[in-house]
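Labels A, B, C, D, E and F are assigned to the chains in the order they are written; within every chain, residues are numbered from 1.
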Amino acid sequence: MSEIVRRDGRKIDELRPITMKIGILDKADGSAYIEQGNTKVLVAVYGPREVHPRHLGLPETAIVRCRYHMAPFSTRERKSPMPTRREVELSKIIKEALANAIMLNLYPRTTIDIFVEVLQADGGTRCAGITAASLALADAGIPMVDLVTACAVGKWNGKIIVDLTGEEDEECEADMPVALMPNLEKVTLIQLNGRLTSDEFLEAFNLAVKACKLIGELQKATLRNYYEKIKEEVYEQ
Amino acid sequence: MSEIVRRDGRKIDELRPITMKIGILDKADGSAYIEQGNTKVLVAVYGPREVHPRHLGLPETAIVRCRYHMAPFSTRERKSPMPTRREVELSKIIKEALANAIMLNLYPRTTIDIFVEVLQADGGTRCAGITAASLALADAGIPMVDLVTACAVGKWNGKIIVDLTGEEDEECEADMPVALMPNLEKVTLIQLNGRLTSDEFLEAFNLAVKACKLIGELQKATLRNYYEKIKEEVYEQ
Amino acid sequence: MSEIVRRDGRKIDELRPITMKIGILDKADGSAYIEQGNTKVLVAVYGPREVHPRHLGLPETAIVRCRYHMAPFSTRERKSPMPTRREVELSKIIKEALANAIMLNLYPRTTIDIFVEVLQADGGTRCAGITAASLALADAGIPMVDLVTACAVGKWNGKIIVDLTGEEDEECEADMPVALMPNLEKVTLIQLNGRLTSDEFLEAFNLAVKACKLIGELQKATLRNYYEKIKEEVYEQ
Amino acid sequence: MSSRLIVPELTKRRVRELASQRRRIDKRGLTEFRPVTIERSVIPQADGSALVHIGHTKAIAGVKIDLGQPYPDMPNAGVLAVNVELMPLASPTFEPGPPDERAVEVARIVDRTIREGKMLDLEELVIMPGREVYLIFVDAYLVDHDGNMIDACVLASIAALLDATMREAIVSEGKAKLIDEREPLPIRHYPLTATICRISDTLIVDPTLEEEETAEARITIGFDEEDRICMMQHSIGTLRYGELYQAINISREAVSRLREDLRKVFPDAR
Amino acid sequence: MSSRLIVPELTKRRVRELASQRRRIDKRGLTEFRPVTIERSVIPQADGSALVHIGHTKAIAGVKIDLGQPYPDMPNAGVLAVNVELMPLASPTFEPGPPDERAVEVARIVDRTIREGKMLDLEELVIMPGREVYLIFVDAYLVDHDGNMIDACVLASIAALLDATMREAIVSEGKAKLIDEREPLPIRHYPLTATICRISDTLIVDPTLEEEETAEARITIGFDEEDRICMMQHSIGTLRYGELYQAINISREAVSRLREDLRKVFPDAR
Amino acid sequence: MSSRLIVPELTKRRVRELASQRRRIDKRGLTEFRPVTIERSVIPQADGSALVHIGHTKAIAGVKIDLGQPYPDMPNAGVLAVNVELMPLASPTFEPGPPDERAVEVARIVDRTIREGKMLDLEELVIMPGREVYLIFVDAYLVDHDGNMIDACVLASIAALLDATMREAIVSEGKAKLIDEREPLPIRHYPLTATICRISDTLIVDPTLEEEETAEARITIGFDEEDRICMMQHSIGTLRYGELYQAINISREAVSRLREDLRKVFPDAR
């Protein structure tokens, strides 16, 4: 199953190199940055904070708002800064994927605002955004029932592969972004573009679960390092 | 005066076949559907209900809001779903035509929202919309001083004719939509596009009054049948 | 320094003919009109008045809002009525230039709205707008610490000149609009487009100060005449 | 849009009382316009322009003319585009932003008065059928709003069109270009409008702001120079059939007096 | 968007209680659609149209077909443009204005179902590569919202495309023109969707408004006529892995029953 | 835009007190920039890009270059389009949506600095006069807002342009096409800006957010590599004439130190 078959030399179940950073923005309550191959995404979290206009607040729970946005220079052709329908849809979908993990009832009448900014797009931007947003939420000190971890799988050239590049995404027969709470074994996002038989779906989904577990380990390691560093800094003072 | 002269074989004072239905939508407080020849219009009424934002409400009267809108597939060329200036104007004009019949002072601080959706346009859409809206208001149980009934008249090929088709509308020398409260003998809407002498105006206006009386009878018959049916259903239970 | 060098025969330090009128609009709280050469600008002031929406009001001071707008027929090519980025920027800049002269703390929780409408554009519209707005504010009875007076200077054909026409503006090497409070000797607006050495800047700025003094005298004379006329009208009654 | 009342209830009551005695608050006759002034060529940079006063109400209109493509479904007609803005400096109730439904209604009335009143011969504005025609932009701006904005915007727009000239077009190598020679627009008819309100069962012409805010009904009627009705827009309230006939007669006469004012400035106008 | 709750808490509790007993408020089976009716050609002026009822939920879709340029990066494909509006007459919670995120999501789902389900052979819609292709506009309007707007809009859109014919194009002198002869669209596959909700750990198909507002999770799954999954959109809540597999099986069967309804109206559809 | 105050009054008082003693809250010299870092080529997919830090303030800029038509009134010049967004992730006071007046002002300042500072030779960007030219899009994004967004956005944009290369264009059969060979942009000048604030009658350079919110006046002045003033924007408060002269001297020196930072990353820059 794991011979080299892909344009960039990866095995079908091999992730691209992933780098994650936490707490990189000064003004945001929480922030994170992820590079997954050539895909680069910056996320900031503000909140829990007061809702404006106030009537949007809910008496028993926090609301979550999300903007997924691609910088004009992030794509091959320059993208107009105006939000496209795709960006509107993904904003909604990412919001749902993350809101399910947040303990919203702790912060009634507030909003938690998540800004996902794609700086460079080379496939898997919504998944990278979710993975990073999960870290930014942790950085903001917002309690979650589990981390949310995401990765796309797909069918390319007849094979089920993981973590598609932009090129593979364009050529593929099917593309399936998945977001999970890996410890709770719950799906918080799943979409499918393209066609899969039920068997192919199962194979793809299992591959996504496996990939999310790996990425989840990376998230945890990144968080651990970050808190260690903070602790050191506190002790040094 | 009534020989056959028109492209579709109608006499100059002959209406197109008209079908009206009431109470066809489940969620709206009132609804109606009209077919007048090939023109098909769906109307829903919501209210009286709370106004949002609240400062738009008036302390002594209900407000009426109206949206006249054409579906993209309603016209020969596809229409963009964005409202045109014509739709903005007709929304205002239809609102005025209906508001004058509603006993607004019964419902202070509320709004009555009227949605006129043109599904197929073949002339006379604003008039068909007003006629149907009048039924939808009745269906919503909103007290009116009189039904409002509308029909266009015009000058086509030198003759004053009633109930213009889309084709006649394009070719005509003048087009004059009229809305009346037929029992009170009051005009609630009149517009003129094109040119008429004063005598021609009088002839056209009289024809409109006659047409509106006929359509008013149809409205009443439709309402009667509808209430009969409801009564039967209630008795059956 | 003052030989004739310019396309319209003016000397390099010569202003175009200027006409100012005050109180020309009936509904506005204050209004003024200025012609500076072929540039024609109309200004109205409303306020101090209640702010809508109310949360925009400030507890200790009035806010100032400004719209600088060019009529579609004011320019050589027809201008779309939609505000351009240039108009958005100038609205902000003019607002700042005037707000600094107004005794804002006298009117907490209110707004002072300034509408600058360019009817014909031939260079120096923002400056003419500021000069006229200053009169309109006086007409509205709004206390100011000093009048605000504005004039553009620039470098054209190697020379520092004052009060550029549209044609000179297009051809010039640098264009520098300046607004001053002439009695207080304070700059309330300065912008530079183009390149100047420090020496050229000094020469240009001094020319602007000189021009603003002259225009300030015209403003005062216009105000004096206006109040005289009002006084006469009051006595006549 | 602010909802604050700009005409106090007391004034409205006074307007109603007077109207019931067939009198007006400014002592005008019932069928009389306020003083009308028309200034032409106020914006020399435009191809045509006019500033009109109807009492305190003021509107300015400018015409800009360019070359461009015709509408695909009308290859043999020039393009007329009318835009109306209720400038925020005209009234405390107007706000900056895209035209609201009132401005759109006035724009549509001005447009229809010009178009359906056959003021311009649009077919004369074609240079190369289907490819190159004159585009006539009419922009009317209400500058001071003391009632009857419709007639003010119509009058300013009509006057600006009468004032306008267009540069001649020459075609070379299949492309049209404007040269500096100027010619008048192909004017065929001279439509104008008068607006009638009903207050206390009395019909009046050219309402002031106070009257308009008090009015039970309002209708605007346009006539061409041969007294044909060429535009109607009933925009407030209800009218009895007889009132409608009466309004037509009143407005016809008011328009013909307004036409005198226009002719003083444009002697060729009919 | 109004935030007022349109399903009372009491009803929600009842829906939950019933679901925990594997029952539904309208007595349907868990995997059963409400009565489905499909009316074709309801808008003769459109090139194709259909009105569908799923219980009280109603959607109407119209197809308009025109000629135009292909996307620069897809010179060898016709253009498909899908638009969905949640009409304000369909629900007290819908408001006029540009499509909100819910409408955009449904539009994207309809679009992907048609496009990724390979319903149309877009390459057959090319007249002159890179220059002239057919443009297929699908406009779906939700008219009455009693839950499951996604399946209603998908079904109406698919039916309108099956109903549609396009005018034949002829090319003369390098320009394409539509003539009056009509031909069917190049239909290759027949995708349809079914929406599943979880309430009290029970999966149900085709939720009513009351069920949808109560649901803990929602997923829409599309299948083509060969039972391949061709669209998935998980739009509310979380799903356990096993629930996901179960949802796929339930929706596959629901879609094949829905396909029967479609075939009654379009006998050629697979 | 939220109106909530993000700098407490107490901090402002402290900033004022220190300034009156010619000191700053972060102990910097009055005419000193915070530490500046410039990273180039951070977005390889763009034709040029740079990320700059000025203290905690961060801005990223990307350049995209394409072919297209020139402006009709400038047939012999390439097109430069500058866009600035204050990203909502940069500050609790920024909100999603179209650029507000602050973002527009910064965009106009960046645009004028590049254009009026003659950084690019736009005439070198013409391929076929009047028909085909290079379009240079500069998009600057403020990512973290701790004051002095203007200098950060200018610096990021200038650096991204210095980093940029453009694909060579070949013309065949009257059509231009980009090939894979790359060449640098026609850079002629190296404008940069420095922003000065007045607090308690003291002029300081490169204000932090706390200083900017406390400032009585603010002016941004741009210089090219020959110390010519090439941009001025006075954007807050009033300045005495003498302060204006002083501000010019301070900013000239600050810019020349900033130019050192730029030269470390772009050794060819003057």
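Methods note: a residue touches a chain if its C-beta (ideal position, glycine included) is under 8 Å from a C-beta of that chain, and two chains touch if they have at least 3 such contacts.
Everything numeric here is computed off the predicted structure, so don't read it as measured data.
If you take chain E and chain F together, the chains in touch with both are A. The equivalent interface to B-E, defined as the listed pair sharing over half of its contact pairs by residue number with it, is C-D out of C-D, B-D or C-F.
Between the Cα centres of chain A and chain E there is a gap of 28 Å. Distance between chain centres (mean CA atoms), chain C to chain E: 58 Å.
Rounded to whole angstrom, the centroid-to-centroid distance between chain A and chain C, based on C-alpha atoms, equals 51 Å. Taken together, the touching pairs link the chains into one ring where each has two partners. Read around the assembly ring beginning with chain C and moving next to chain F, the chains appear as C, F, A, E, B, D. Within the complex, the chain B residues that touch chain E are 25-28, 31, 38, 40, 42-44, 46, 49, 52, 67, 69, 71-78, 81-82, 113, 115, 117, 119-122.
The touching residues of chain A, when paired with chain E in their complex, are 55-56, 58, 85-86, 88-89, 91-93, 96, 100, 174, 176, 181, 184-198, 201-202, 205, 209. Residues 3, 101-102, 104-105, 107-108, 112, 116-118, 219, 224, 227-241, 244-245, 248, 252 of chain E touch chain A in their complex. On the chain E side of its complex with chain B, the touching residues are 2, 42-46, 49, 56, 58, 60, 62-64, 66, 83, 85, 87-92, 96, 98, 137, 139, 141, 143-146.
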